[in-house]
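Read through the structures below before going on.
In what comes next, chain A is part of two complexes: it sits with chain B in the first one and with chain C in the second one.
So, the complex of A and B:
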């Protein structure tokens, strides 16, 4: 009877372990699947094509150039294609659609394009309306969004018309900057406090401090964000004499504060697990308390300490709420004292407005994948470093 | 003059009276063994001699403890320097998770003794003194944890010897070891006696009889008898000692 129950419990554990693993894998698969279509999507907004006059030698226009053309930043064709000096004339088929019935529509568009050498027309991609095989009209071939433009692009304007810009560089750099500075602030402080708690504090002090710090880890991030917004933002603004206090630094500081409890508790546990025999061996040889800490305790706890830092980084990089609230959300090249935008903040802010299955939606999912890869790379690196250090210690 | 002199020592772990009015003197370059049933205060007394008990919170000490004529619990005593002069080997081998070489070099490094060359020579010298050199000379960069328990304990002895202490305290150094390793450690103690004053705690009476010059018998925190080892085992002065030695308790 007892055997059967033990067997059953064993099976349940094995099963739940499997379910968890499969679920996690499914989530990752879902992430990649949802984002997968992005690089097959045309650069021009869905349902439209671009047409030019047949005499125009241009074949492809990059998404960035399309945006510049329609924003009148590029005003002459010579800037896009060589050997065609003509002023660019913008044309939207909505104008015609409003004035004419459907039958006339196609002919009117065709005529207009054929008769205007410098035209670029944004035309609805309907079988009936498209001026296909119309003399004097050239339909530009569809470019798809290139991974190069996506990952190395510097403009994130997902709702720009007619060609949304999906350059995630500023978001990736923003995330890295904010997280990196956060960890730079949190790691020494966290390890310092961990050393204090584990090695220096009297047991009475530790008995009060440790639970308090653990409690801090449980505070919801929105509360930290709120604190940051109300208290830290004005301080940063005044101290550094800035126009806005919502900067990368503000985000980093709040994230560091948030990561601290994790780093402290995990690192402290690791240090406390150093066997008393190790400390006594060191002290018995005439080592001072401090020598014992940095020559025995810290090396012994190295893998635990690096786990603490990784957990801290994980929290910082993945944190949405704080980033959304205090970093100012400006998707441009990140600078420490200026507003930035991070990947999680972008996803949180935009996913609700991005039409399901659309390009923007897909782009956000690819962003999610990128975030996932970044955190994974960081934990693997940390793992390797701590392994190497451990081996060196041995 | 005795190198160690304990005068009317009382020691408390919070309320627990662990040592009761213990007085004794230990001669230079002798081996002194402490025996007695477990929990009688042998380790406590040993750890008083290098102030290891300082690490335990909420303890209290009364009486005087002199080493080389100086009160080691006097104000202003540098505990780290004191511990450097009084080496300690623990019950369970406790090498650092470092290489064999770095284990031995540790005490030299923390005490900033000598240059690279000096450290290398001293490491070799210490390993030879601990009768471990031949076994490890080709694997100095291997982890100390690759050694057997007996080798690890000799490594710990070598580690203690490397800083050239005056006194070597050993707390049941062979209790976790097999008979062959134990015999090696006992031989070692015999060899080391010429240069060091050794105080060893053991619950193995044969061991005490074999290696020591004087023996102290503790019971319930009291030093019942302290005398020449031969006399102690052949003709103990106290009945309790007699009972313990002949195995009536403990």
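So, the complex of A and C:
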């Protein structure tokens, strides 16, 4: 009896042991499930179709071109399709819809489209009520959002009508710019502090510095964001004489401070693991303390230090609140002294307004998948690097 | 002579860098304490926000944060401790424990906003719990799970093997050994880990954005399916949205001070417990 209970409890423990794995699998499953529909969604807003005159040779219009047409950037059909020289005339069916019943509405629209050669009409698509072979009317075939346009597109305008633009390039580049500048700032500082802690500081100094670093790591990110917003943003604005202080650089500085504890702790651990014999051998050969540090300790700890930096990058890429509060949130090609927008900030800012299950919602979940994969890759890289360190320890 | 000089310069640079970190911390803390201390009053702590969040206090946000702390710990603590017991006591150095450790590390590296997305998809929508304390607690609980597991494992590893073999030698079973020898010895350190996780949960904003946090809700929750305000989200709201950002600033400073005090007290308690018990342990 006792044995059975012991076995049963061991099974419960084993089951709990699987909980992190199950969570990761659930996260993957749900992120992909919610985002999956994106690349099957039509380019045009849900519930609408685009119609043109039957004489118009055009078959497909890309999402970007639809946007340009409806913003009157493209004004002639010859820019979209060859051999059709006609001015584009925009038409929305709202007005007709309000004044007529459904059947009449259909006839009216057909009439209008058939009689206007250059027309492009955005028409409500009630349960596919527009017959395919309406005389003189051509319904444009529905394009779906292409992965290529999504990942390589340069325009992020998720609420643009009638064709929202989901190009994530500015967000990806913004995220990379902010995090890499942050790491560039944090790495020398962090490694310097790690050297000080592991090689130079007396135990009394360590007793002050160690808790300080723990406290820095414990401050909630939203407090960092608030501090950045109230203190750093005005400083940056004045120092560089900018219109707005919410720039990529502002975000990078705060993120650098936030990445410091990770870098310092991991790098210090790596340096401390340098065997005493190696240091003493170096000193015995007449090297100074400093020479020993940079010729023996740092090379020995190199993989641990790189792991620290990689982990710091991971921290910075995923950080949401700071990016949301101090980088200015402008989804355009990133420059250091201008507002940018990162992937996590985009998700945080837009998910609340995106209707559940809609295209915008799906696009944000695909962004989440991308973020998940990036940070996962970074974490695995760091693990591999620090494994090298351990092997060397043998 | 040259080598001596370069050593001197290098060491001075490191010393300055080291103290610069202390300077940064003092700057941030000092700034928030200096600006926030004047706002703190009994009314601020124990009253609801009024008049477009320009007056009154932050009591609902404090209560909300405590609800989330308790809820997420109910989710994370038992699971995390049992998981750590399994990897450290049952499958110590095998493939399984290495795999579990790797997965725990990976889970720990996932950005908090991804947990927010996941919580929204699973708990809010698929389970149709809506924006609620229970959805937020599960999301935050899974978020801190790696921290709970890691700290518990460290605590268990610090229990000397001699205690375990001694227990076996007296005829105790594995489960008895864990229950009467390993867990009581590791208990203080496990509690430290628990407290650290509480500190982490109380400051997280991104995971609760879409799972529980209410923009403005000046009443207390009545069930686990209610939305609540929470301190970190309230600070975000006060500092970035609202009709009058400048007028909201004092409230924001006060909220930041309360939040940071809460987190620091939690972390400080954890390190005190650790220190106290490590001394006691050393004396024995």
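Please note the rule applied: the second predicted complex is superposed on the first by the 357 of 394 C-alpha atoms of A that agree within 3 Å, B and C clash if a C-alpha of one lies under 4 Å from a C-alpha of the other, contacts with A are read in each partner's own complex, and residues count from 1 in each chain.
Everything that follows uses one rule, which is that a residue touches a chain if its C-beta (ideal position, glycine included) is under 8 Å from a C-beta of that chain, and two chains touch if they have at least 3 such contacts.
No experiment lies behind these values; they were computed from the predicted model shown.
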{"item": "Which of chain B and chain C A:201 touches, first, second, both or neither", "value": "second"}
{"item": "Partner chain in contact with A:291 - chain B first, chain C second, else both or neither", "value": "both"}
{"item": "First (chain B), second (chain C), both or neither touched by A:1", "value": "neither"}
{"item": "Dominant contact partner of chain A by residue count, chain C or chain B", "value": "C"}
{"item": "Shared chain A surface residues [contacts with chain B and with chain C]", "value": "288, 291"}
{"item": "Touching residues (chain side chain C, partner chain A) in the complex", "value": "3-4, 6-7, 10-11, 13-15, 17-18, 20-22, 24-25, 28-29, 31-32, 78-80, 82-83, 85-87, 89-91, 96, 99-100, 102-118, 120-122, 125-126, 142, 145-146, 149, 173-175, 199, 202-206, 209-210, 232-233, 235-236, 239-240, 249, 252, 256, 259-260, 263-264, 267, 271"}
{"item": "Residues of chain B touching chain A in the complex", "value": "50, 52, 55, 57, 80-81, 83-85, 87-88, 90, 92, 94-99, 106-107, 109-111, 143, 145, 156, 159-160, 163"}
{"item": "Chain C-touching residues of chain A, taken from the complex the two chains share", "value": "2, 5-6, 9-10, 12-14, 16-21, 23-24, 26-27, 30-31, 33-34, 189, 192-193, 195-197, 200-201, 205, 208-209, 211-216, 218-227, 229-231, 257, 260, 264, 288-291, 293, 311, 314, 317-321, 324-325, 344, 347-348, 351-352, 356, 364-365, 368, 371-372, 375-376, 378-380, 383"}
{"item": "Partner chain B, residues of chain A touching it in the complex", "value": "203, 275, 277-288, 291, 295-296, 299-300, 393-394"}
